[in-house]
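Two complexes come next, and they have one chain in common, chain A, joined by chain B in the first and chain C in the second.
Entry: the complex of A and B
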């Protein structure tokens, strides 16, 4: 923000007189305090400060699992933090309070200012001051012709330079650089626009994540999404009713050289409908090339393997036959961890936890790993458990973790399984077969109606800032008078904002041109001075005079 | 990208509550904040509440009930299903998955009520999502579920309710009256007394 705003806002900063401090005066005072530059800056700082817990504490909206972990790690502190919205900082009432106050502060500052600028931009420049010598920039020189001719010539020159003019008896005022104020305003309005855009996204936008196994599909409805963070005013009916099926996922990796194992390309082949029964579209989803459906962007943000298993229980029935997504735990070989829960196996519920190794190796000491991310030699290693999975008590649990506190380890030799191989469980518990693998893609679904307005606001803010820095608002006054020796032209210059500097130079150029056109000593150019000091001004006058005489 | 059990966040319950228009009785219960993972150790109010450990429920009075969409699908058994063919019955449609803990908690309640109320013209259906048919059928054997479920791996049934009363979490239970209009939505696990009271009020209602 620039000093201009401070000036405008600053006018209201004085407290009303103590004698008349009624409720209206109080309200006026509070409003002026709120809309002051200082308050806006304090609020901006507070907003930044209030965001800190959002990056220090795990957030419900970003990583609910981390919040759950925090509860386990700090059982006493977590509920207190939850009461203070510590796990939902950006949705907290106090955060909203700062945000709304800042918004009000800015709006209360910028909107009246915009109105004043709009009014002032239609007004002509002020009358020329009587004593131009008191201005920061001033000079005078004798003119050749009569006073009215000199004044007319000066007016023409200033008009040619596209100054806005006001003329009077023996003087002309000129003003230029309204774009400075326009830029300043544009910046502030854009800042408001930016805040409004963010609010728009926060109220009407949503974010969701979906892990999708190749060959499967989902609909954009809350029950299908793994993680769903709706804006404040978003209901399930507001979600764009598209459906997406991932027909195929391919990943390729660099196979040799120092970059070996680095991803070369990911491609998720999608077929989708924007609404039920609508035409089917196809899209090759790649990293940073989102699919746009109905204003919603679908990004490819991750991938991994879902080994497929078939579990037959002790009664001989198939109780599970599906891909189970495993989560990569390292990049180089994409070794992935996962769990298989079979709550409905008889006689006992079963659970397995283990690792999927895309290109498996085993060292002579018996440790295993994966040496390449592609599934060149897919293997799984699983540890089995029987007992109570604690799924029937109604407490939600992650599908990626196995609570073995009420389970017993099933005794069988642990070894790597190749596709098609099985573990026959002892004690008539059944059989698990590793049937193969599929790949999964992790999709980020984002709808942010404020995104485009935010971009335009940011660009406008930048443009406004540049404009207000590069353009200076300045006034040039000319007074022409006749004394005993002939016509004297007085020039005065004033700038209200000169962030980039250079008005002195401009004034000097202008003075030079005036002297060439109007001066009795055409061709000579006296240096313009910027001193307010009377003595030096007089001295310069003498120099100018002397020069003209010398000619 | 970790798939966590899907539950409404407290904020969503508030949003749902706000969305309830005139004529809609909204019963947002004290135990609603059990929706977040972090707070899920709260058992919710297990007392004499209208619905048990659920996060929210909505009841629509006769006259303000939205018409249920045309829902068709294939049952786990392979037969075809049409919601419209159930007109004349009160339909209870439960969205569930075998992996979902609250679904497993409420399953015995649903199974019992389905049997008890069949004679009164109430038909229960499940909508099995994010599951595999083998696991779903094993679940039905475990809880002795006698009513059929739609095999809805693409969530097309949930999507069909987009413009009316979409289920916002798993489990969710819709009660549809004899005229094919949506009378209630319970989000979260149902309680025996709560769901029975809901169904009874739909049964005794004018439609």
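Entry: the complex of A and C
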């Protein structure tokens, strides 16, 4: 995608006529259009434009809860947006269409250029043009010695500067800076590599979430995971067979100053095995420090409290004795909401919904809250229900919400419970004891085989970019001739890719060095002349390049 | 432990830096007012060549006389500064009309009392600014770009650093006033409105990747700011030159006499983006690696990520546009400014209006 390619496409702009153009010509025309720079530009803009809704609308893959909220807030608009993939912009067919076209355009432009570069790198530089004065950079000055000595000096100098050389009768032409095009091509090819890497991850990778209470463990199977998003070609048997137990979770918070209550550190102590029966490893999982098991990465992405309860039903049987994860509803004090479902209780199934307060306070008006996120004064407040929990009515139900439509409120005085305290339920329904609390951590589990290729592609793209911006491809021509007064040296220079500028400085340096090499006799040098002005410069470029092509 | 004394010192430092930048701006403006014109505008030169009567020249005095003066001054500078002789030689041996002759008539070090004062004040301001950021970092014992207040201070510092380097490297002393203006305004708002007391960062930000990712972003943004300011000047210069060429009143002749003409400004802006774009690419890659460490995916279309992608695309479009017939010049310049608008939206708009994983900017 350079000016050169655009020019080629520009020449092909003439639309195929009626009679003499068959389908092949049409295809060629379409292909030229697609691989032209203008099309690439339009596609770049389109891709940028198409990304915007993805940042404005809530996205299914990022925040499903926000999407649900959007449905409630805009009941008329949401289904329309959903039809247009508005909540999954980056997976939308129209988004894919744009980037596939862009990458096709890129490939169609870059691959022929790579071929041309390979070809030109085996060819010597073109002959020196007859009139060096027409080049963008040129100078001439008399030299003391004979002409062939001056030419030899020029050849030595250019060779020492590692130019590729071609010599002829009274002239040398030199070319350098092929790495410019190499860098440019590397950048564009690396982008294709990046796309392939992303596709690899999308096909063979997976993402999962697991909420894990301290002291508990799980095996990496779809049923044990809370949320599981497999790649298109991933089946349950492809999951790496590790298992993880969280032995302990600690969280520390800033205890004083203006940032009191802000988290300072989280640490989840894990023990894990890569295969069943394998050796047990230990790892302190922290934010920014993921665990790597068998190529799968495990991250700490959240935490909270799971108060533990013991429920004895009306018949005196212990029907529940376990930690129940509560979900934090605010950051400052980490007050958390949760529900307890006891479907096996007799004579009635029981349900409780309530709040866990890590450092509880109660105002004189009776409202309660938590003033610090650490569990300094843990309390729970629970409201009890009896009746039908509707767990078996066929509808999936969240473990974090209670459907009380077929339940009755159990009448007892609501108050904060300290660990060890109980609520004795009236009417012989049983007893609930708040036995203590544990902490939970939520883990993100990701496997992405495209990750390393993506990293290498990105770094290659960066390297190519820097290379193409730093290196300029340039040609230097020297002609020597003898007239009546002695030897005259002509120097000309030309660059096609001088992105960052500075070729004129290099040319001046080169001229200076050449004069030094020729000795003081050339001291009476004429200042460089400006044969061409700004406007006719491109024309001069074309002349020189046309000459070089005409070899 | 964070140290309040160091933090206070750091605040005093930022106010001093703002004042120094302000005085530098004043000196740059005085240089524009009182120094002789530094550049011969291509348009006036063309008119001068046509030997039109001086009275017809629109607000530009006598072009011929000024051209003579400029050459005169260059000679004088050449003689006055032997240390620079070789650079001058290189400059003078380049063809004056060539695209790269941005150095002709300009010297490596600033000439004239006001310009020298302005540049020294800018450098002093920069030193104080860097010291301010350093002491804030020491006070907090972390990399001092953890919130919006610190981030704005850092990107303006980067912009001034780029200005200083470009002034020396590309003799772009004429950019001083125009780059310092947005810097001073931003720093003023930063200190007066957004100020955040020192403190620790959230665990999510507690990684050495903040030093890599955010530093890359800061340097890239500094260069993008320089590029955008130069491009605005380019558009003004281009408008001026076209108007003068058409024999119309432009109203900008006074300021344009201090600027090197549209073609040079365009090239300077392009250079800024040539450095900024790889820096931005690097910063985005570093951010992706960090995101992978912290959140378990290297790219997740978080709003900040999406907008840095959009910014990348638009600047990539600019680089391509500049190499495409029909897009060079003004259209490419508008594309670059569009990219800058996306960048600014990412810095400000995304923080204010869209919530996402990067929402710890504390605004």
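FYI, the second predicted complex is superposed on the first by the 425 of 551 C-alpha atoms of A that agree within 3 Å, B and C clash if a C-alpha of one lies under 4 Å from a C-alpha of the other, contacts with A are read in each partner's own complex, and residues count from 1 in each chain.
We take it that contacts are C-beta pairs under 8 Å (C-beta built on N, C-alpha and C of every residue); 3 or more make two chains touch, one makes a residue touch a chain.
Everything numeric in this text was worked out from a predicted model, so none of it was measured.
S.K.: Mind working out whether A:110 is in touch with chain B, chain C, both or neither, as first, second, both or neither?
M.R.: After superposition on chain A, A:110 lies in contact with neither partner.
S.K.: Just chain B (first), just chain C (second), both, or neither: which does A:56 touch?
M.R.: Once the two structures are laid over each other on A, A:56 reaches chain C alone.
S.K.: Output check: A:446 vs chain B and chain C. Expected answer is one of first, second, both, neither. What do you get?
M.R.: So A:446 only meets chain C here.
S.K.: In the overlay, answer first, second, both or neither for which of chain B and chain C A:82 touches.
M.R.: first
S.K.: Check whether A:461 is in contact with chain B, with chain C, with both or with neither, and answer first, second, both or neither.
M.R.: In the superposed model, A:461 contacts chain C only, not chain B.
S.K.: In the superposed arrangement, which partner chain does A:211 touch: chain B (first), chain C (second), both, or neither?
M.R.: first
S.K.: Would you check which partner chain A:232 touches, where first means chain B only, second means chain C only, and both and neither mean what they say?
M.R.: So A:232 only meets chain B here.
S.K.: Check the residue A:257 against both partner chains and state whether it touches chain B (first), chain C (second), both, or neither.
M.R.: Only chain C; A:257 stays clear of chain B.
S.K.: Is A:494 contacted by the first partner chain B, the second partner chain C, both or neither?
M.R.: In the superposition, A:494 contacts neither chain B nor chain C.
S.K.: Need the overlap of the two footprints on chain A, from chain B and from chain C, as residue ranges.
M.R.: 301
S.K.: Touching chain B in the complex: which residues of chain A?
M.R.: Result: residues 60, 64-65, 67-68, 70-71, 78, 82, 87-88, 91, 209, 211, 216-230, 232-237, 239, 241, 243, 245, 276, 301-302, 313, 317-322, 325, 327, 341-345, 391-400, 442 of chain A touch chain B.
S.K.: Which chain B residues qualify as touching chain A in the complex?
M.R.: 1-9, 11-12, 15-16, 18-19, 36-41, 53, 95, 98-102, 104-106, 129-130, 132, 134-135, 138-139, 141-142, 153-156, 158-160, 162-164, 166-170, 172, 189
S.K.: Could you list, by residue number, the parts of chain A that touch chain C in their complex?
M.R.: Those in contact with chain C are residues 1-3, 6-7, 10, 37-38, 40-41, 44-45, 47-48, 51-52, 54-56, 59, 61-62, 89-90, 136-137, 139, 198, 207, 254, 257-259, 262-266, 286-290, 297, 299, 301, 444-446, 448, 451, 454-455, 458-459, 461-462, 465-466, 469, 498-505, 507-509, 511-512, 527-534, 537.
S.K.: Where on chain C does chain A make contact in their complex?
M.R.: Touching chain A from chain C are residues 42, 89-103, 197, 199-200, 202-204, 206-207, 209, 263, 267, 270-271, 274-275, 277-278, 281-282, 285, 288-290, 292-303, 306-307, 309-310, 313-314, 316-317, 320-321, 323-327, 342, 350, 354, 356.
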